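Naming follows writing order (A, B, C and D), and every chain is counted from residue 1.
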Amino acid sequence: MLASVSLYGSSAQTEELFSETVRNQWFWGNALNPLDRRTSLTFDRSGTYLINGRKSFCSGAIDSDMLIVSAIRSADDKFMVAAMPSNRPGIRILDDWDAMGQRQTDSGTVEFCDVAAGQQEFLKTPGPLGSIRASLRSCIAQLILSNIFLGIAEGALEESRNYTLAQTRPWIASTAQSATADPYILANYGNFFINLQAAQALTDVAGESLQRAWESGDAITENQRGKCALDVAASKVIANNAGLEITNRMFEVMGARAAAGPARIDRYWRNLRTHTLHDPIDYKVRELGDWALNHQLPKPSFYS
Amino acid sequence: MLASVSLYGSSAQTEELFSETVRNQWFWGNALNPLDRRTSLTFDRSGTYLINGRKSFCSGAIDSDMLIVSAIRSADDKFMVAAMPSNRPGIRILDDWDAMGQRQTDSGTVEFCDVAAGQQEFLKTPGPLGSIRASLRSCIAQLILSNIFLGIAEGALEESRNYTLAQTRPWIASTAQSATADPYILANYGNFFINLQAAQALTDVAGESLQRAWESGDAITENQRGKCALDVAASKVIANNAGLEITNRMFEVMGARAAAGPARIDRYWRNLRTHTLHDPIDYKVRELGDWALNHQLPKPSFYS
Amino acid sequence: MLASVSLYGSSAQTEELFSETVRNQWFWGNALNPLDRRTSLTFDRSGTYLINGRKSFCSGAIDSDMLIVSAIRSADDKFMVAAMPSNRPGIRILDDWDAMGQRQTDSGTVEFCDVAAGQQEFLKTPGPLGSIRASLRSCIAQLILSNIFLGIAEGALEESRNYTLAQTRPWIASTAQSATADPYILANYGNFFINLQAAQALTDVAGESLQRAWESGDAITENQRGKCALDVAASKVIANNAGLEITNRMFEVMGARAAAGPARIDRYWRNLRTHTLHDPIDYKVRELGDWALNHQLPKPSFYS
Amino acid sequence: MLASVSLYGSSAQTEELFSETVRNQWFWGNALNPLDRRTSLTFDRSGTYLINGRKSFCSGAIDSDMLIVSAIRSADDKFMVAAMPSNRPGIRILDDWDAMGQRQTDSGTVEFCDVAAGQQEFLKTPGPLGSIRASLRSCIAQLILSNIFLGIAEGALEESRNYTLAQTRPWIASTAQSATADPYILANYGNFFINLQAAQALTDVAGESLQRAWESGDAITENQRGKCALDVAASKVIANNAGLEITNRMFEVMGARAAAGPARIDRYWRNLRTHTLHDPIDYKVRELGDWALNHQLPKPSFYS
């Protein structure tokens, strides 16, 4: 969220909001979902902005002190983004997040009823198309996803390993004395590990690429931004694939009892499957194909 | 369960238990798990069998009228199988099934404390090695699994289809006017469908093979039984793979909202993932490889 | 080719050409490739048709007695199909087939220079859109492809098996005494076998579906024809995938020496890879997806 | 080969052979294949070593000036390695390399008939078990394989790209105006690219790991050597998989004509398939699984 402030806001806005965040230990949530166009922005008679409507997929809103809010300005259909306190009158944050995964967080609905917003609360260059630098926000958001996917996959592999070492017995048809020497269990762990190594390596590459892009400041070129987006996209696809394979198939190296009991080992798959639906993986692959074949850089958007 | 009675019991036992089942509308459960060797069978002073210990993975036990129970006879370490009322004194059926999937059924623990069992309650040829015909029980059990996998996969594809038709919107980067014309959504459905067709075809083949084997009665040969087991194994692997792919990836053709809400679409994957752990798929593949390479038929066991 | 005659020709044409084929033991080739529009059909002053131009991918033309020839009629841009002797003046069959696979056959270029064709030589309902029944030709052509793919895959598995049994030694890190007991070699054979079983089953299903469609004669409905096309498409995709996996990976179960020597075991992959490019597999999958999701039957064409 | 000299030889041997190589521009081949135990080493009456027998898979031998030769010493069954001129009397290098791929190089048979070898020609620590440092030779050999696999895959993708851009037409059922905008062609290129990125990243990681191990000199620990071997193994499996997929499936993004003509685009697959059989990929995966599950480092051998 603070990256949004830094990338979209003026330097004065950034400086003030960062200082206040540190001073007050603000936790930021969002009501930003650019695909949900149900929030509108109008002027009242006094010239104050009023926000009305609702937003879905508002991540972290429930516990937040501050919100990044987006709305479509009725006058010119412009996409506007503002930062404001979560407890402002007229804002109602619903406790309606009820997904199959990511159940320890929230990404539910926020309702706006004549919420007043001052002009100074609106960030300078809203959205990825404001400037090349502002469009890095999408790279950051996507790389956060890669890292979350990777973290879930690493956690799953670690839990799986502990389970196999402690509890799994060799199948009756196995020639091995222990499950840890079973040729198929080893093959599965080998494949899990290799794919995870690849995801880690490409996520590291993407992290370095993004760091360099960030450090370029306003001097960043379309080409550098595009290459960074490609690195991030490749890491996301690999982490998506490696993670889904591990969280889906980890049960095969633990055995039937891993499905039972209060361990809820399915939470790895449920969390990852929920998170990986953020935006379609097929269109990430397409973007990378457009580069590989046509040397076409991804067009900056909220998802690329 | 009745197949176990028919295959393991004498003709008198079969006739009586079948008649009583029809007359009383008995529901049968089991406490049979051959890998769990914690139930023992001893004689008391009066010459009655006593069963003591516990069994895990007792499917359908809670609602059952009758149980198929296995125990190791202490005298000679023989695996014995009996049919008896579920409410016999000393039997305690625990309501402890708490798995990530298959939550509308039960496969929990049954405890036995000095449970008396008459000699006539023990079936004649216990276990798959009793006779070639008796060993068909494993083929039946495995083919039931194939059909359950298939049914879950078919249900998942149907739910997915209804969802995509009714609710999914094309991704912002899609060239298609509707999600139903999106090239990647169509490709995913195509692959789901093809794999399901293959699973259905091989399960039909296996069903016919098993029917012929059943109809051979006691004249069944090792070769016919072995071929039948191979057909069943192939159907199970294909249904396992097709089902896991569909239930894992169906979310990609529905979109992010499919993870949310009370629909609990993850139940398809949770149910299938739980059930597919019954016995390791890698060893089914190995069995088929041993046939393909060495023309070695599967050795009859509780799982082959 | 004779199926084309039977489906496109009038009953008189069919009867005559079938009789002559039997009497003269004609071998038929084609110069039909509908995607190659370089052959034109014009009238000369005497009212005779003249064919000029060239066709690529003319399968079996070199050794043929009779050719099925297609050309675009200049007057109305209509796609016309005729049957004529391969040695007719003006026809020049080039020996220019030089592909990476299918090297014992030919599918090269045929040139036409003022080739005269009588009106009676043109078949009545040229092309798949002539009638529902005529459009079965594409189903036949596609199912022939499935069966060729399947045959190559079966041959590859057989050659692989003979090689492993006779020559392959266990890897130094294997716990098995012989290659035939190596867990990974068995797993590979298992997977090859399972996929081949699926391809065989779906090709059988498609064969029965096509037989019923054929036997329906002119009473065939669009729905029956469409379902038949779907069955054929599913069999083709499965046979394509199973075959490419087996012919690509069979070397891994034979070992390094399988790449050497005059055995040319790569011919399986080269033949299959060449043949599987006939029309794009991705669009077959899409067709099946359009059915699975939208219940849209494949639109009859030369490839569907 | 010179790495073998450096790792197995004494510092005096290394210094001399390196100097002479530079001065004479020697090209080195080998007759080293450790799995082929048909060369023996005996003493003649004068105390000179005599090598007799034959070796297969002698890479680069035909054009070589110098050979690295291995033989089993009859007296104690010890594996000995020597460096000697390729034209030494008694050495016969056969021109019998005839594989389906790698046809511009050679890896054929070398015969030895009473070939005299001085004691000073034998390297000090023959084989991977001589010392930790000597065992790096296997890491080098394996990483060379990764890089060859990667180079073939990169070349294939580049040839494929040039072909698609220049020649491929959109399929008749495609909604795209050009093949370069076809959704499935883009998806295929995307997947090729992503897998290649992963292979490149892991090969870079392995290269840096090996460089550090090399620079450790004799201070290298078993742990450092083991971690290096794991990095190399992961890069090899990924490059193997990415390369086989690209060289097998590249035809699908070029179209049917890519199988024809003198371009011999199948050479990428033939070269890679030949080279990837050097040692079984399944056992590389197993090694990595043994690390992932059991934290067991690969045991140094000629292949690990």
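By definition in this document, a residue touches a chain if its C-beta (ideal position, glycine included) is under 8 Å from a C-beta of that chain, and two chains touch if they have at least 3 such contacts.
Remember, predicted model here, so these are calculated numbers, not experimental data.
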item: Between the pairs A-C and C-D, the one where more C-beta pairs touch; value: C-D
item: Residue-number overlap at the chain A/chain D interface, same or different (half cut); value: same
item: Distance-maximising chain from chain D - centres being C-alpha averages; value: B
item: Distance from chain D to chain C - Cα centre to Cα centre, in angstrom; value: 39
item: Chain A and chain C, separation of their C-alpha mean positions in angstrom; value: 47
item: Chain A residues counted as touching two or more neighbouring chains; value: 183-184, 187-188, 282, 286-287
item: Topology of the chain contact graph, where touching chains are joined (line, ring, star, complete, other); value: complete
item: Touching residues on chain B, where the partner in the complex is chain C; value: 157, 161, 164-165, 180, 183, 185-194, 197-199, 201-202, 204-205, 234, 237-238, 253, 282, 284-294
item: List of chain A residues in touch with chain B within their complex; value: 35, 57, 97-101, 171-174, 184, 188, 244, 248, 251-252, 255-256, 258-262, 264-266, 269-270, 273-274, 277-283, 286-287, 301, 303-304
item: Partner chain D, residues of chain B touching it in the complex; value: 175, 183-184, 187
